[in-house]
Amino acid sequence: MNNVPLIHILFVSTALFFIGVYGFFTRRNLITMLMSVELILNSVNINFVAFNKYLHPENHDGLFFSFFIIAIAAAEAAVAIAIIINLYRSHRSIDVEDANELKL
Amino acid sequence: MTILVLILLLPFLSFVVSGIWGRSHLKNLSGSIGTTSIFAAFIISCQTAYQYFFIDGMIAGKYVAQFPVNFHWLQFTPDLSINIGMMIDPISVMMLLVVTFISLMVHIYSLGYMKGEERYATYYSFLSLFTFSMLGLVVATNIFQTYIFWELVGVSSFLLIGFYYNKPSAVAASKKAFIVTRFADLGFLAGILILSYYSGSLDFKEIISRYTDLSSPHLQSAITASFMGASALTWGLVLVFVGGAGKSAMFPLHVWLPDAMEGPTPVSALIHAATMVVAGVFLVARLFPIFAISCPAALHLVAVVGIFSSAFAALIACTQTDIKRVLAYSTMSQIGFMMFALGVSKYGSESGLGYMASMFHLFTHAIFKALLFLCAGSVIHFVHSNEMKDMGGLNKLMPITHLAFLLGCLAIAGIPPFAGFFSKEEILTAAFEHDKLIYYVAIITAGLTSFYMFRLFFSIFYSKKSFSEKINHHSEGTFTMLLPQIILAIGSILAGFIPFGNYISSDGWVLENHIDWNFSILPISLSSIGILIAGFFFYKKSDRPENISLQLGALYSLVKNKLYIDEVYEFVTKKLIFRFIARPAAWIDRNLIDGSINTIGKATQVFSLTTSLWQSGKVQAYSIWFLVGTLGVLLMSLHFLQII
Amino acid sequence: MNLNLLIIFPLLTCLILLFVKDNKTIKSIALGGAVLQLIFSILLFVQYRIQIAHSSSKMIFESNTTWFSTLNINYHIGVDGISVAMILLTAFVVLAGVLVSWKVEKMTKEFFFLLTLLSAGAYGFFISLDLFSMFFFLEVAVIPKYLLIGIWGSGKKEYSANKLALMLMGGSALVLVGILGLYYYSSSKVYGFDLMSLSTQMIPLDKQLIYFPFLFVGFGVFTAIFPFHTWVPDGHSSAPTAASMFLAGISMKLGGYGCLRVATFIMPEAAHYYSPYIVILSTIAILYGAFATMMQKDLKYMNAYSSVSHCGFVLLGIGMLTPASINGAVLQMISHGLMTALFFAAIGMIYERAHTRNVNELGGLLKVMPFIGTIFILAGLCSLGLPGLSGFVAEMTVFIGSWARPEKLYRIATILSCASIVVTAVYILRATGSTLMGPIKNNSFSSLSDAKWNENFASVLLLAGILILGMAPFVVNDLIAPATNNIMLNILRISNGI
Amino acid sequence: MINSGNIAFYLVSTFLLTFGLMAVTTRKIFRAAIWLLFSLIGVASLYFLMDLQFLAAVQIIVYIGGIVVLIIFSIFLTQHSGEDLPKALVSRKIISMVMCVLGLGLIGKVLVENKFEASKVVFDSELKTIGNKMLSIGPDGYALQFELVSILLLAAMIGCIVIALKKSPEQS
Amino acid sequence: MTEALNYIFLLRSEVMLILIMVVLLIMKVADNGKSNGFWVGAINSMLIVNCIVGWLPLQEGILFGGVYKSFALGTFGKNILNSGVLLISLVSTQWLRNCRHVVEFYLLLLSSLLGMFFMISSGNLLLFYLALELSTIPIAALANFSFEERRSSEAAMKLILSSAFASSILLMGISFLYGAGGTINFEILTVIMNNSPLMIMGFVLIFVGIIFKLSVVPFHLWTADVYEGSPIPVTIFLSVISKGAMVFVFAFLLYHVFGALSNSWYFLLYYLSMITMLTGNIFALRQNNLKRLLAFSSITQVGYILVGISGSSVEGLSSAVYFVIVYLFSNIAAFGVIAQVANKSGSEDIFALRGLAKSNPFLAWTMAIALFSLAGIPPTAGFFGKIFLLKAGAGKGDIFLIVFASLNMIVALAYYLRIIKAMFMEDSETELPKISTGLSFQVAAYICLAGIILTGFSGWLLTYIGELGLGL
């Protein structure tokens, strides 16, 4: 796929990014919101890898970025899920709309 | 520093001493302290007068001013400063004599009159303050010094009128007196500002010399600068005259004077008859060269105001029933005489007769008017009332007072050979030479004067006989009350024979006194007719006066109510100023200005509350905002770099 | 003479106060501190007179220490005649304030602490020759005022305190903009806040025109420039006596001093440009304040509004830009400081006893409290410009100075301002008449006592100041005239065609 | 230029985008997790297509084997089966849609206008190189980052445990 | 050997933290039921050692081939943060004693701090990103530490989701920057930075990701909710340490890496600072919850910091750092008092403070002075801090910004005065009892008060910071 223009790959990643963003904005379930975040992170990963491979193959920064993002995503997801579970314990719900005591 | 300073200093010290320690330690001594100090001041004044008039005042046949004391008090700019000092010239010496003499009389009189008063010490300290201020006024070297003491005189008058501060009417009267004269002083101040601006000085000597020298640039600029059709000089002088008119109770600023009679009677004698109220005349006399030489128009105004006030007051005096008010209007009327006498005068030699006459009248009037007031004081002290209807038939009970009062009345009526005759005669002569209309009004006023004075006299001492039996348990007054009356009565007889022209004239040169008896026939006869009419109506109790007043109807009540001028003032101040300026100002401040500042605060609060929805508590909404912000910032910076 | 002592004394007093428990001791220490300040101020005055005689420099007792070297901010202090006069005024008023507060029992320590802190701020302001430290001291004084009013005040104190703090803060915010502007446009080479060096530089006119209003209005808020004067009535009337005295006596002078020393001194060209506006505003303040005073029923409100009117004279004098008018403005600051402090002291004493300040409820008090009544009357007479008392000297100097501007606008403004003396007379007489004179309105009044030793002493102290200024104005005039001359030299540079 | 690699890329792209979209729109939460899984597999295939086998492996192991499983577990923990997900507000949907389209447009525009010049250098995706770099402390090394991530994971672990820990009976 | 020593020395802040964490872990594992009091005391003493070690000399150097940089200002900043953490630990002793997992609390806190240290010292975007996450994720967990409170978990949820979203945007930006520049190394990026659209886009997205952490409007919405819901020590940590560290990094990035784009970020800061100040103030005005109020106030403070930074000069940098110090003291003191009162009365509302001046004058005055410092009232240091920021901002010559900022100080004063009013001028129906604050709180409060009063007058401090800042 070396002939695929870079811009197409970038378009795919950007689209995935905004799909994730859309999900993040509209999903009321906290876990699905978390899924959307994963989508966003994946799109960024694609970006990094694509830039690295096509534009700057002389280093590995993008690739490593992706590795670390995956690691971070895991950590983040873990903590987020822990928080969500805790929230579920106190609210008996993981609907984000139910958790809005803090406002104004 | 000379001994002259003591004239000012002694009353001042007396004021301070009895003011501070009077209440506690010197309660009964303060009368003696005040009297002694004023006596000493009187002696020094006499000595000064002698020294000035007979030894060193005259240089080459002309009286020139001396400046024994003068120092910079407040320096505004290198060449403009307020100086405080003493100027010794004929009129100031004359005034020194008058003020210290009358003040001494009043001090002595008050020893008896105010005895037992709770605020006896305060009274004497105020009296000393007044004397100090009045003396400072008359010896002023500087127009601003005049103004300073002018204000002090005003405030001591205020304090003394309101001496019985428990009486609301006294408080109101004192306020009225102060505010009306303050209003006039505003004119004085503006006049000073104008005069000093163009002359570049505040000293009388400089101002007069700069404004009377026709070639001086100061005069030229003051004449050429004009505002609303009148030159700056005219404005300045007229405004200064407004100040004088206020203090001298000239129409229409006279409203305070009758009310001022709420003060203790000796105070009325001193302040509201003999001394303070003539300050306006004195002021015009002080600036007379400028009036006469450079600005005749202003001088004419002085004449018109003087004669009008004179006649107007005489008319009102005929209808008043409060004896002090009658005297007050008579004072106003007599000051009107002095004023128009100045107004009809010219500068220099024979044509300056009016000036001399005015000063002469000021001098004699001080004596006989003080006499009249002191007598009235004794009467009031005796019957405990101011109203004519409470009096009558006192001639037997108060023989000395009766006689003294009679002498005073004759003097004011201008019957020869009493003091008033001579001075009034000079005034009428001057008026006759200058303006016939003024002359005729003046002699009619003189006739009216004798009418209302004798109306007063008869009402008090004759009229109702029955009254006399009721009260006889107390005497006519203490010796301290009688002595001043006797001295002043003698003064009223003798004062007219002083050859006044020898000492005082418009330009300092000696002026011959002359009495033209042919000319005097008309005024004397008019005065005598006035006396007779008064006798006809009031010698015995009858209903004649009432009938006349009923016949005159509306006219009578118009005059009796003082032409409703008080009401006009009331309307302007209470209704117009309070309602349409002060109240709106206060309202605007609270509601519009303060309101708008509060509104800013409230609007911020409201803004704060309305924006609260932004903080919706929903994390997705926050994220949307985040994206909006991101895109916004992105757009902005791309746009800024003209990429988009 | 180390000027720092002026700040150090009060601060030391504050420090000692922190460790004292007993109320009596607290008061004595505060009093001792105030007395010390007064003695020091008088010493300063004497020393100044000696020094100025053989010194040609504009400022005496100067000292300049680096503070924030990277920003070129220095702690530069020094005094000239005006500052010395203001320092004396502060010392007088503070001592009197401490004396009249003798009865404070609620949170005594805090009260005197704040009061002393206030005085430190005022001294610091008057000796500062660096805009930064000046601004610092200007703001130091805001919060103690807020607390004094809010905690120890009366009436709607929280509202008033809030308003005062916010409006003064607004004023200083404007000042801040002004001094930052001056800092950057002072010179192309050296940035700095130094007053003296700024005053010798020609700041471009367009910049002056921008920054002058900020500084003038900013300081003007402190001195009740129209229409930013509304904190004055509320603040003064809610404040406890000592705070009212300080507020009206000193705090409002900070503004006038700032307008003169900073705005006008540094930017004379802009001052000329804006002079008509200043004159118009101050004339409005004078008349409008006076008329508004006429309608007030609360004595403190009355005096507060009259302060608006009187401080109008300060601004008028500054706005007229003539030597005499500026001299008059300074004299008016001192005079008004003493007079209004005395007035507030008297009102406070009456209020403490009669528990009302409403003129309609009071009456005949002269009989039961002759001393306080006399003080009240004297303060009133001073306020209406009676010769022999300080108000006269100051107002007349302003009038004479203002009249020297021949343009029609200035003439009209002068005359209108003069007219206020009549209005002043009206309300002063009305107040004295209905408060002190007439029959005693309320029977409970007849048992009231006259002033105590502390009040006597406070009143006499202020009265002495008023009388000295009123009877021998040359003492103060000689002090401030050289200083105003220096300011005038700067103002005149414009007419010398620079 | 159509060749197998290209076609594969477009297919995979369509696949991952479609499933991504489905994952964020479906109202069955369990399905959403599965669609996410597919989408992530799509991304992994994309890496394969780019010759980045190691990354693809990591993607599959960590994401699919770890995160998605974790998510599914938590769904089990918190969700009652058979329930539909609650509907989002229409207004929010519209706004989100608009914002996303705008963002896509804006970023897309910048990307399109940018001239990317592909480098001729061959990308070295050897596992050995990657491994060396991972633990090197030189300029191209990632040892410090690696250590940092380990601390992060430790911290996250502690956090998770403490938070998700059920209250012990004595403390409740 | 010397090289290793050098490594340890330059990394000493981080090494110290890791050491403490390891010691804690070991002790926890070997724990046999030690009381919370023991833990708090032990940790506090370790933190004191940590603070002292931080001030050792030898500050500058590059490690890991440029990935880690130790520079003077950064070390200074770390030391400030160290002291801040110590102070937080001291003021919230009471809360910590009742905390269920105190060791874990500290572990998370210190790991977050470690993340900030690495963030400050990061030499490339990857380390920067990782450190950012390290500093965020543990805080999200910490926010949940009031386990029984619904609001605590809500706050944690909001924090983790918002910051996940924000860091995705940041990552997107980094990827674009990497795409445009081909490097993630700051030194190289500094050189190649230019105005190409992709660069700008990358920069903007990174910028947004960072100012999210600084809670600049409109990226601030999470702030108040999280501050309110979190336990007080976490709130202080978030508002002081986290924000302070972010300011260091932000200033460093803008001045150094993105220095070439200064036109463009000046322009952004100009508007953002204005709306930040305004929004913070306006929103704070209506709050009754003290933590929430201070949250908005901290947003406002950030607005002022942006004004200073926008001056883009050494002065801007040093005044921002200076302000962080001042802000640290003031905020810790204010929150400390709130913690004490809340601990006693159970309420964090402004009404809980009523009558505090009578019942607990020390607390009331501490609070008052802290608030005055926040409001920028002399003689507190806040005054100096704020003036210097504005002065730095005015250096660009835009008067409108300065007028706007100055006027905002008035609004700010309004709500601070509300608190003062409650404490000093209002009486509560239920008089607060005398609160026994404990020694550690008092020590911390006195340190904070001394800091608030003395920092302002210490011209040398600003000079010192300025000299450190010249290295950038």
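Should a chain be cited, it is by its letter among A, B, C, D and E, assigned in written order, with residues numbered from 1 in that chain.
Just so we're on the same page, contacts are C-beta pairs under 8 Å (C-beta built on N, C-alpha and C of every residue); 3 or more make two chains touch, one makes a residue touch a chain.
Being a predicted model, the structure only gives us computed values, none of them experimental.
Identification of common neighbours of chain C and chain D yields B, E. Contact with both chain D and chain E is made by A, B. The chain occupying the central position, as judged from C-alpha centroids, is C.
Each chain's centre was taken as the mean of its CA atoms, and the one lying most distant from chain E is B.
Seen from the C-alpha centroid of chain D, the farthest chain centroid is that of B.
Two chains share more touching C-beta pairs than any other pair, namely A-D.
Taking the mean of the C-alpha atoms as each chain's centre, chain B and chain D sit 102 Å apart. Inter-chain spacing, taken between the CA centroids of chain A and chain C, is 65 Å.
Averaging Cα coordinates per chain places chain C and chain E 42 Å apart.
Between chain A and chain B the centroid-to-centroid distance comes to 96 Å (mean Cα coordinates, whole Å). The multi-chain contact residues of chain D, meaning those touching 2 or more other chains, are 92, 95-96, 99, 103, 107, 110-111, 116, 140, 142, 145, 149, 152, 156, 159-161, 163. In chain A, 20-21, 24-26, 28, 33-34, 52, 55-56, 58-59, 64, 68, 72, 75-76, 79, 82-84, 86, 96-97, 99-104 are the positions where the chain touches two or more neighbouring chains simultaneously.
Along chain C, residues 166 each make contact with two or more other chains. By the contact rule set out at the top, the touching chain pairs are A-B, A-D, A-E, B-C, B-D, B-E, C-E, D-E. Considering their complex, residues 107, 110-111, 113-114, 116, 137-145, 148-149, 151-152, 154-156, 158-163, 167, 171 of chain D touch chain E. Against chain B, in their complex, chain D makes its touches with residues 92, 95-96, 99, 102-103, 106, 109-110. Those residues of chain E lying in contact with chain C across their complex are 314-315, 318, 357, 372, 377-379, 383, 387-388, 390-391, 394-395, 397, 399, 402-403, 406-407, 409-410, 413-414, 417, 420-421, 424-425, 457, 459, 462-463, 466.
In the complex of the two chains, the chain B residues touching chain E come out as 601, 604-605, 607-609, 611-612, 614-615, 617, 619, 621-623, 625-626, 628-630, 632-634, 636-638, 640-641, 643. Within the complex formed with chain A, the residues of chain E that make contact are 124, 126, 129-130, 133, 137, 140-141, 144, 147-151, 153-158, 160-161, 164-165, 168, 171-172, 174-176, 178-179, 182-184, 224-226, 228-229, 286.
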